[in-house]
Amino acid sequence: MRVGVCAQVLYHQPFEEALATAATLGFEAIELPVDARNPFIDLDDALAGGWRRIAQTVRDTGLTISALSNHQEGQLLLGPHGVDTDAIHPGDTEEKIRYATRRLEQTAMLAERLEVGVVCGFTGCEDYSRWFPWPVEDGYERMGATFRERLVPLLDTFARHGVRFAHECHPRQFAYNLETARLALELVDGHASMGFNFDPANLVLAGMNPVVFVAELGDRILHVHAKDAEPVEHHVDRSGLLAHGRWDRRDRGFRFRIPGWGNLNWKQLISELRQAGYDGVLAVEHEDPIIGRVEGLRKAYEYLSPLVLREPPAPRWW
Amino acid sequence: MRVGVCAQVLYHQPFEEALATAATLGFEAIELPVDARNPFIDLDDALAGGWRRIAQTVRDTGLTISALSNHQEGQLLLGPHGVDTDAIHPGDTEEKIRYATRRLEQTAMLAERLEVGVVCGFTGCEDYSRWFPWPVEDGYERMGATFRERLVPLLDTFARHGVRFAHECHPRQFAYNLETARLALELVDGHASMGFNFDPANLVLAGMNPVVFVAELGDRILHVHAKDAEPVEHHVDRSGLLAHGRWDRRDRGFRFRIPGWGNLNWKQLISELRQAGYDGVLAVEHEDPIIGRVEGLRKAYEYLSPLVLREPPAPRWW
Amino acid sequence: MRVGVCAQVLYHQPFEEALATAATLGFEAIELPVDARNPFIDLDDALAGGWRRIAQTVRDTGLTISALSNHQEGQLLLGPHGVDTDAIHPGDTEEKIRYATRRLEQTAMLAERLEVGVVCGFTGCEDYSRWFPWPVEDGYERMGATFRERLVPLLDTFARHGVRFAHECHPRQFAYNLETARLALELVDGHASMGFNFDPANLVLAGMNPVVFVAELGDRILHVHAKDAEPVEHHVDRSGLLAHGRWDRRDRGFRFRIPGWGNLNWKQLISELRQAGYDGVLAVEHEDPIIGRVEGLRKAYEYLSPLVLREPPAPRWW
Amino acid sequence: MRVGVCAQVLYHQPFEEALATAATLGFEAIELPVDARNPFIDLDDALAGGWRRIAQTVRDTGLTISALSNHQEGQLLLGPHGVDTDAIHPGDTEEKIRYATRRLEQTAMLAERLEVGVVCGFTGCEDYSRWFPWPVEDGYERMGATFRERLVPLLDTFARHGVRFAHECHPRQFAYNLETARLALELVDGHASMGFNFDPANLVLAGMNPVVFVAELGDRILHVHAKDAEPVEHHVDRSGLLAHGRWDRRDRGFRFRIPGWGNLNWKQLISELRQAGYDGVLAVEHEDPIIGRVEGLRKAYEYLSPLVLREPPAPRWW
Amino acid sequence: MRVGVCAQVLYHQPFEEALATAATLGFEAIELPVDARNPFIDLDDALAGGWRRIAQTVRDTGLTISALSNHQEGQLLLGPHGVDTDAIHPGDTEEKIRYATRRLEQTAMLAERLEVGVVCGFTGCEDYSRWFPWPVEDGYERMGATFRERLVPLLDTFARHGVRFAHECHPRQFAYNLETARLALELVDGHASMGFNFDPANLVLAGMNPVVFVAELGDRILHVHAKDAEPVEHHVDRSGLLAHGRWDRRDRGFRFRIPGWGNLNWKQLISELRQAGYDGVLAVEHEDPIIGRVEGLRKAYEYLSPLVLREPPAPRWW
Amino acid sequence: MRVGVCAQVLYHQPFEEALATAATLGFEAIELPVDARNPFIDLDDALAGGWRRIAQTVRDTGLTISALSNHQEGQLLLGPHGVDTDAIHPGDTEEKIRYATRRLEQTAMLAERLEVGVVCGFTGCEDYSRWFPWPVEDGYERMGATFRERLVPLLDTFARHGVRFAHECHPRQFAYNLETARLALELVDGHASMGFNFDPANLVLAGMNPVVFVAELGDRILHVHAKDAEPVEHHVDRSGLLAHGRWDRRDRGFRFRIPGWGNLNWKQLISELRQAGYDGVLAVEHEDPIIGRVEGLRKAYEYLSPLVLREPPAPRWW
């Protein structure tokens, strides 16, 4: 295992400087978003040849690319297609689906060029609030046919490019916890190009134990986000776990944190990932509303680095 | 305080028999739904004079009506207006809103006739999944204007009929926890006809402590549902609190239960309700997928009855 | 074991009626306070012969007297002797000590007449806040000499009357937890007339586990108060366990409750009392600010009665 | 479901009186041990025709026999065969195995005669302490061959008599927790006559959650012992869960208790048993060292009876 | 934020050496006591001009003075005035009050000279044990008038010197928890010179959650003591939280510890302090009875330093 | 206190290299096993003079020997003597006892030569599963006579060599928890040569709190194993604490871990050891099935080293 970083927190710096910052802090790998909002990579330009410069720039800093990612545009695949996603790409449902499909395919093509085997992302969900089985008891299951219909061709495309899709379970995605992740896998007939970007903090929001996700679906984990979750003890009684509104309001009952500042047991998570055979990158995703950009990355690295298991275990010697 | 019951669990019996069952079990009051799906009361017919027979029938069993309720049709007020609610009333958004408005008004009128001061119900929510502040950070708050626009006239109508609306915080409603309940109150300028039907089990789903709802908004609690919540210890680690799908699947991480069979501390809830000055009915809402209809009501009554505080406290004597 | 009641909660009724109320609710015994503030018993009058009527009146209701008590006046023995205790008896330190000594002796004499073996009470404490070892590190221990000096003669007097003194550990008493109870016993050289009135709720205030008191000092437990303690979960984080002020303010972090409405595990307590050989009365002391006088007694009795162990265990049969 | 009782606690009474005691307390069924130590049934005599009187006597009290049991003699099947079991039956290993085999067969024959479908019992274990994988790492697994060799013929015999064997997981048995119960089932090729007598308290001693046993092996549960477990909070830190020595020593860290006086969540257990389709008897096994024989049975019955689910659940009505 | 130290632990060294020790260990600031017992600063001498040397000496080591403090002599302001405080300053009540007033004023004057904006300290309390509302129910509130009478003039004096008084909530002070801190603020009409020296360990003794103090009164926190609290798990059941006697007795149920060796969640505390806008010093107060002077300071610094948030957070970037 | 290591994890390296590895990682001491299975020390050879080379080799690396150990062969002293221990030394009971006795004596002799005051080891147990008081209630106590008979002469031998025996409480040993450790001490009349090698992880398996062992028997702790215990949260509900089978199966409910990766509170343990006066070595015993040999030692050292208390505490200074 190695410690990496998700690039978003460094968007305020030019690309080269951002990479240098990451490398200087000790990170060994970086996850690069390619959605239209990111300031580092223009997908069209990169596919037209720019990928060589990207690869070279990253290589020069000593980093590797652990994954490309495209959460924003992936959301349009299944929706919601109304005002919620107009800022990502305007248009009606058809246009949004077409856009998402094209952009995800381009992401896969760029990953192939850059020899990055994994694309992390979202798929969206027509209406995530259907998890509650009312007014329609099987409202959630009914969305399964569309999931299959849109995902299978996309996964086939990914397979042709030798890239796998690492879905990130998250609120507002069709697959948001262990059970819906299993459901998603079944719907695509266990497609070999389908896997997961394991982000334990998201699973806490669903009220489940992230370690169990690894214990049961560990062989489908293609990438890991090192993000912590803090149910804020002195607020959650009144704010609730499903707090709405701005991340930086002071009285939120739930916050994402950098690793080590939330409630997750990282030794337990890393032990289970190791037992599941995962030997890739733990990419720090810094969305902590309390700690500064670089200070947060530094603290996250210093926390995680001593915990990462780099050497293989030996057979029993005692 | 007294112990009542919600009528749905007795829909398999004729009205008179259902009332007799409730009375025989010891219940003192009943909450009567009036949506089109209920087999006991036809709203049009009741308003055309049938209310006299209803009142007489209930009176004959020795019960009182603690509240009318209309959750089903209230959902159409704010939505969602697509397939999720077609079974309640078909039509486009406009038709659904019109239907909900008319039916809620009728409900208030019937309450006035029956001298029942409270109508419990839902308001719906265009997209409840916007609680998660992404892709639009203030997506939830943006729905506030519509909430205000649809609710204020309705509450004015209720006021004219001398009836108050007791909203039930619940998934897929705009107000689903303490913070959104406060938000809802602010949006209607603290309208005197607006209050809450306190259902503690629903609040557990939002990851908050129901007692705190009483501690902070107790003076707006107009009615209480006695329903328990069981985060199923041996399943919730993998199923999650936000379990989707049928209520009776065996491996669900969350279940509604009759009072006493879940995790809620009813002595604590009753103590806080008492301190908030609540002296009304605790209406058992039996949606327990494990226990039979009448057996569940019997067990619920036997559990709750000894806990209810019927006499006022005295000044300090020690 | 049997279930009894402390008489204070019934001060609003005439003596005979109070006894009848207790008996009707099922109680089998009563603890009778004899301080000057009690409306039932005048100590001088009783010793002058009135005790016969008292005995007869109690006997007529089928109750027994589990203990006399004198907490109020016992407080004057060690203090504080300033304004805090002027309402109990005015005067300077000397006068207060003399009064306390005389009244406790009279209490013992009346107990002898009534053939009640136990007097429950307080001893007071010059300055209980010295538990915190600053500014004087051994400030608490230094008060030991006075404790010995005042208690030993009193205990000798009790011994002459064949009565034992059951001190109740409580804030503002020299012995307020297990360790200071042990200290008190040592200071009186393990005097045979010294024991404890075990009130588990008081010990919770000192942050200790009442079961351990029974496990270690069970053979010195002469009487038991059945009173529950509720660290109020949703207030204690801000109010604290050492909440000051009126018992009925709504946001207190700590409250005394009737048995079954607090956090104490009564099955555990009763099991340990049984194992310690205690076979006396559990006297319900109702100081619950939320529940009415008679309703509280009824609920307390209904809760405790099925838990009390009345038969002796048999040798192992399996 | 119904509430029954295990007969051992009533050995101090004559058979008819014991049955009458059970019936009077409310129990509906009884589990009858047939080992040589029991004072009620002589196995040889019963098989020689005495069974008719037994059946009649039980029938006369209105009880049914929920199961026969033979834990004592079953232990000899696999051992240990040294001094530990000489009091059950003396002799060398061969003799002990022969005796156990014959007695278990006789038990099955008597069950057939009495039309009781289940025999509860033990199988023993050569050395249970081999659960710890040292000095021989697979020491436990190595005992599997013998388990299979001795059990399969016995189960075949049971099958011929139309009776099933309900093994009770317990310390010193080969199958003592969920994993070894699964192992045992595999070793007998899932023999149709093999099942379990579910005793949740025993499983607590193995540090596992009994509810999970029901969730996973519920369809093999043939009988249930209603026995509670109390890890004694104030002693377990020093005594440990694996406390040795007499059950009635006061400072034990672990005790068996009657239902309701330990830590088990009986509503949870009963809910899960219901979901697993179990509709048989919960037989109170009273081995509580603190509570008297009949007082314990009374308290156990009063605790369990209101919890038992007697009616089937209805399809969703809400 | 920065990490500082309270000087007391270094009293065994000469002033210059003590400062050098602190600086060498990494501390950036120091809190200097000025009571008569401290060996570093003579208040009269310092005000007579010695302050220049003090300022220079501190400056030479690269440290800053985060606060002056005077807990000892502040205690005399409200008492207790008997033997408990004779070692601080002998005399009757009047003399003690006069002394305290003068010394606190001098402390403020020295702070002004040294350009230190904060003086930490105590105010004392006539009888802290009055938190328990018996024998006088409003005994605590009655002390409010004196608090106001003594504090307001003192705070006015502080204001004239441009210094604020940071009261430390603590047993034996009038303000010892969140509620009494609020009460104190009200009694001085929210005087602008009144604030708090936040010592989370002291608040644990009052059974409250220190984070909530920050969440509610964060804007009045002028200084912070980094001291940890350990309710000693294996002793607190018998010793209690309110343990009396020497800090180094082995079986105490409560101990002060250096940060990281108690139960406090420092990441949570620091996050909340950051959110409350606190950007000052966390001054390690080493009163850990188990760890040596310098070893304790080293461990405390190494624990806290990586947790301190030094950079400001950025607006949301994700 | 200092941090040491148990040699087993380095058996794959030659002796000199193993010592160098330990020293390079920072360890200051080593525990050397001398059983026949160890590759470093031949007991006969060492006693014949080889000890000088051993001493010199260790000294050359800057390490000290904290203890010799002989767990394997010590097991034969009390058994079990069947197949379980044939791999340690074949033969019948008599031969095994003789072998164990001789080897332990040799171990003591070598310790004397090497000036190592402590030998860690096991004593075995005829049948550890007798902790469960059935079928023979005092089955465990009955083994006491043999314990005494075999241990006392051995301890006398140890005394003659000026060496103490540090028994390690562990499953399958006569003394496996605090109560049996006390029993063992009593059986050898508190022999001055008898003490304990404190391995907290082993005690977790017995369901007790290791800190309490130190609090009660701290003065008999001669050596400490730094090994952590992980009741695997997401498996223990089904696997149980008493999991059988291979240490590296993925779904075990219990695992030994390196310090810091289990549930033990090392600051609490070290504080209590310090208070008990222990100032020796914490020897890391790496039996963690998830982490590699050297990586595990490195992580263990980095975790423990900052926690060790090296300096004595000072008298109270505050």
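Order as written gives the chain letters A, B, C, D, E and F; numbering starts at 1 within each chain.
The working rule: a residue touches a chain if its C-beta (ideal position, glycine included) is under 8 Å from a C-beta of that chain, and two chains touch if they have at least 3 such contacts.
Everything numeric in this text was worked out from a predicted model, so none of it was measured.
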Shortest walk length in steps over touching chains, chain B through to chain D: 1
Identified repeat of the A-F interface (over half of residue pairs identical), from C-E, D-F or B-D: B-D
Winner on C-beta contact pairs when A-E is weighed against C-E: C-E
Fraction-based call for chain D against chain C, same above half, different below: different
Chain whose Cα centroid lies at the greatest distance from that of chain C: A
Whole-Å gap separating chain A and chain B, where each centre is the average of the chain's CA atoms: 38
Inter-chain centre distance, chain C versus chain F - centres from mean C-alpha coordinates, in Å: 50
Interchain centroid distance [CA atoms averaged], chain D/chain E, Å: 62
Residues of chain E whose C-beta touches two or more other chains: 137, 209, 212, 234, 237, 246-247, 316
Interfacial residue positions of chain F with respect to chain A in the complex: 8-9, 11-12, 233-235, 246-248, 250-251, 260-261, 287, 289-295, 299, 302
Chain A contact footprint on chain E (complex, rising order): 209, 211-212, 215, 267-268, 271, 274-275, 306, 309-314, 316-318
Interface residues, chain D side, partner chain F - complex: 72, 75, 80, 82-85, 87-88, 125, 127-141, 171-172, 176-180, 203, 205-209, 212, 216, 231, 236-247, 253-254
